[in-house]
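The letters A, B, C and D name the chains in turn, as written, and every chain counts its residues from 1.
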Amino acid sequence: MAAVLQVRDLRKSFGGIGAVNGVSFAVHEGEILGLIGPNGSGKSTLFNCILGQLAPSSGEVRIDGRPITGTRPCDLNRLGIGRTFQLLQVFPQLSVRENLVLAGQEHEGGMWSRLFGPRDAGLGAAANRMIEFFRLTALADERAGALSYGQQKLLDVAMAFMSGPRLVLLDEPAGGVNPTMLGGLRERLKAINQTARATFVVIEHNMEFVMSLCTRILVLAEGRIIAQGSPEEIRNDRAVIEAYLGN
Amino acid sequence: MKMFLTAVLALAASGAAAQQTVNMPIVIELSGAGAVSGTNFRDGAVLAIEEINAKGGILKRKISAPQSDTQSNPGVSRAQVQKAIDSDPYVILGPVFSGSVKVNMILCQQAEVPQITGAEAADITQAGNPYIFRTSFGQQMSMPKIANYIRDGLKARTVSVLWVNNDFGKGGRDTFVKEMAARNIKVVSDVSTESGQVDFAADVVRLKGANADAIFVYTNEEESARFLREARKQGISKPLIGETTLLGQKVIELAGAAANGVKGHVGLTVDAPVAAVQAFRAKFQKRFNYLPDHNGIKGYTGVYAVKHATEKIGKFDRRLLAKTLHGLTIKPEQEPGILMEATWDANGDIDRISFLAEVVDGKQKIVQTLPKLGK
Amino acid sequence: MLLAGLATGGIYSLVAIGFVLLWQTSQTINFAQGEFVMLPAFFVLAAMKFGGLSFAAAMGVGLAVSLLVLGLLFKRLVVDPVIRHGVLPLVISTIALAILMKEGVKEFYAADAQPFPAAWATTNLQVGGAVVSVQNLVIIAVAVLAVVALQYFLGATRTGRRMQATAQNPLLARVLGIPVGRMVLYTFLINAGLVALASFLVSPIYLAKFTNGETLGLVAFVAAIVGGFNQVRGAIAGGLLLGVADNFVAAYLSAQYRAAIPLLLLIAVILWRPQGLLGRAEERSV
Amino acid sequence: MKKALALAVLALVVAAPFGLKPYGIYLLSLWAVMTIAAIGLNLTLGYAGQISLAQASFVGIGAYTAALLTTQGWPLGAAFALAALLCFVIGWLLGYPALRVAHHYLAFVTLAFATLVYLILRNEEWLTRGVYGISGIPRPTLLGWSTKAPLDFYFFCLGVLVLASAAAWWLLRSPWGRAFTALRENPIRASSLGIDTRRYTLMAFAIGSALGGIAGVLYAPLVQFIEPTAFTLGLSFNLLLMVIVGGAGRFAGPFLGAAVSVLLPEWLRFSEGLYLMIYAVFVIVLLAFCPSGLLGLAERLRDSWPRFFKSAT
């Protein structure tokens, strides 16, 4: 079947400095692709180029074969692409349930149907399921701002899934989450991957988390892919170790 | 609910309750652009009221005149006049700014309360309101006199007009242009300026460019002073003609030497060669230790007009007072406080003798006395 | 005619520079900048009237009081407590400050315009047929002098450079050991000095009135933005451009829409070149 | 608890005018009109985070629409429809600069827009009779009920206010309300969740301006004479202070803010000219200590003394 996400020779330079120098890769349905590499290797820039936050200098991004380079983030969401941010970003004023309803309400239907439709845009049930799924039931009506960092991280990830996306790009989901919750998070992500056949691309520094979650791994250094393969291959690939430890 | 309302209004209108004082609220500009004229009008009225009360008031009732500030803002003036009407007044004094008067004269008309105003905009007395009375010339009375002076006195063939773009200025400019057309004097340049404008350099250049025989200036006090300074700075030589405001005391004080040589028609002036006016001027200066301008005379004579008319009809009846004032002529011999003989016509305009004046080294000098339009 | 334009432009530049400095160093948008130009003249008048001082002495007192009130107190009492809530609340509190100043002068001094003595000859020069007013020349000269002095101070002196560093990147400056707090205070004092100077230059011609600030404030904003919001040089260019444009339009185009010129320029610049003619774009961090 | 409070306020507002003289009724009507405009501004600024200093111009546009139509014999209903539509479209267009610039620049653009509208109102005499203004604006008769008397007109204004508040309440309770809050809190995150930040910003401007227009349509018959100087920046600043003092982003903010701004000058009447200064100082102090306005202050008090409040209610 066609690749869910295809990136062809993507380049992005900020005034002469090549953050991303010709990256090409493809992701197929159901895969969990890990994206690792030392800091400043262009991982986040790549993400932002794919997601329309930054306009790439050249190259192309295709979803299910259709070019979407440079489309606005809100339109990407309607095409079934969700994301989380490196820096945690939830809406502290709104309750956990409100955050979730917000995350899903814009996915389909026009503005006018939302105005005249039900108050929770028919997402009450879906939100409850997500709350139970991420074990936030006790906090459903708490203001998101009052949650702990780890709980907010879970909510952040849950919000990315509210619109039932086919492809989710996670930017350091494990960042700052204490080890006990990490296991739970990994189970949640694996479960969604199996049940909803959702495809993930994950940027992560926590090697143990990446190795145990991802089906395939790409290694980025200075804006270029220097290695790719299964987690085992990558673990003892000399080029990868050199890139990290620096020769 | 309807019945309840009519009862409230009836009580207010008749003012039957016997009071020892007669209530004549002063609603006037004490701040904002009109502060200068408003303060003068108020002090003139207060001076008259104190004199009248000293002699026992009107028909043995002392005058009480609560003051309220319209801040030269039409919206605020409407609210203040509404508040004054609620206090069941016999007569309302002020305001001076035409914009404010137009907003609140509807209220006075509905409440059938005579209103003595200092406003000069032409259309105030053309709205068919039987309760509005002026204390100085409306623009449609003073403009013909200025036009005659420009045609005969200055023998000008072309003229430029500089005016402030508010209701006072626009009304004056429209009337002036009409009068010029009637005497086929060409208006070669028509410069509008902003109320509160500070920089007149460009406008003076335009006037110099047009090079008309005479320049008619119709703006508020402060803008006039700034314009005169700029005109002198750029060396304008053509005669500068104005109305009462341009030759007013405040403008002379602010413009300093730049005001010298300005000529114009003056409906009311404290420098008028009339003994009563000079006496008023001295009393005013002693009481408030500043030199009054023409608005002072408006306030003063307005109060005395009400006193005279009320004593004439022998009782406090608003509607009758209004009717009596229409067509009434008051001579100084009958009522010294009127200072100069004045006649009010059917729609509330006032007719008096007026003067042609010129500012000579900081003082307003009367050049010629013009007869009443009526005679 | 050009001379008058340049003179007005000079005033606008002085006020615009102060405005830009405040923005650069402390993200302060001062909606009361116009009233800041109106107030010093009244300090002088008050010093003469109540203190009985001569004009020159009163000018000195006026300047000192302006530095104290418009510089120090403004920072301590208004800016510091509100800035921690962000740029918007500060914008609103400067609006309230403008109202406070206007009403204050109206109540405690005088509602009507006051003549303001000119500190130099008000005569005219006959230069080749055209009449040149000394006042315009003086304004231009003093404005140029002030700008050059400021540029020298910012560029050549040690404090000046440290202030520029604070303006460019307060965080980095603090890391480098520059007392950022004091540097920011200096900019407030410079702003107070500039507005006081502008006030002394302009009041003799415009007469001191409590409403003078309104139009002046708006035009100073426009000059700062048109010239490039984060550039002192931009503010000067913007100010001069506006001064000359304003006069020419009023003289030759329609005077009724005279006030529209700075506004149309403002909207055009903001839509097509938000960073202004000379400014550099401000990045927004994701 | 909120419902009871709202009903209590409604009852107070309905009963209030009976004891008052026409001047007091005029003030209450003015409060109702200003609240509608403030609700509009609160939507644009408080909920969607877009500052606008142009609300006075929309009140002006609404007022002039009403004045021009009703003096030619059109019913006030037509004026409401036309004014709301006109302001909606102009508000939408005014929203475009908001998409490109940061807050403070937006304040300048809307400030420039407001001054331009004032100039047009004053100079285009053929349309608006310029500086002379328009007088003799009739008060509507609604299905036989003449609102000529101050009391009747006050209830008419109150009716429109209740309608406007209900519409705003419903809008803010709907998904749109959530989207506006998200737009204000974090536009980047909001857009990644599919919220079309462009359209919602424009919508916030358009609806806010439409409400300003509706307030204008009521203002014209209230004062029965309008001229350009009533709709200058002063009114925009006043409306802005109402929203901020009441509590931006809170539903009841505009009601409280309008009350403070319209009624405060009366209570401080004794201070003659000082009340504006007191009001200005009050705003500065409030912003320094509690930028979320009076309601924010109330919430803060309630949160900090739960025992006291819990036991009381």
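By definition in this document, a residue touches a chain if its C-beta (ideal position, glycine included) is under 8 Å from a C-beta of that chain, and two chains touch if they have at least 3 such contacts.
These numbers were taken from a predicted model, which means no experiment stands behind them.
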| item | value |
| --- | --- |
| Centre-most chain [mean C-alpha coordinates] | D |
| Chain pair, A-D or C-D, that carries the greater number of C-beta contacts | C-D |
| Chain whose Cα centroid lies at the greatest distance from that of chain A | B |
| Distance from the mean Cα position of chain D to that of chain A, given in whole angstrom | 42 |
| Between chain C and chain D, centroid-to-centroid distance (C-alpha), Å | 32 |
| Geometric centre distance via CA averages, chain B-chain A, whole Å | 76 |
| Whole-Å gap separating chain A and chain C, where each centre is the average of the chain's CA atoms | 49 |
| Shared-contact residues (touching 2 or more other chains) in chain B | 30-31, 165 |
| Numbers and ranges of chain D residues touching at least 2 other chains | 122-123, 188, 273 |
| Where chain C touches two or more other chains at once, by residue number | 106, 214, 256, 259, 286 |
| For the chain C and chain D complex, residues of the former touching the latter | 29, 78, 81-82, 85-93, 95-97, 99-100, 103-104, 106-107, 214, 218, 221-222, 225, 256-257, 259-260, 262-264, 266-267, 270-271, 274, 282, 284, 286 |
| Chain D residues touching chain C - in the complex, by the definition given at the top | 51, 96-97, 100-105, 107-109, 111-113, 115-116, 119, 122-123, 188, 233, 237, 240-241, 244, 273-274, 276-277, 279-281, 283-284, 287-289, 291 |
| Footprint of chain B on chain D - complex, ascending | 21-23, 26-27, 30, 122-123, 130-133, 135-136, 149, 151, 223-225, 227, 229-230, 272-273 |
| Residue ranges of chain C in contact with chain B within the complex | 1, 4-5, 8, 106, 111-113, 115, 122, 124, 131, 133, 135, 202, 205-207, 209, 211-212, 214-216, 246-252, 255-256, 258-259 |
| Chain D residues within the chain A interface of the complex | 171, 173-176, 178-179, 181-182, 185-186, 188-189, 191-197, 199, 203 |
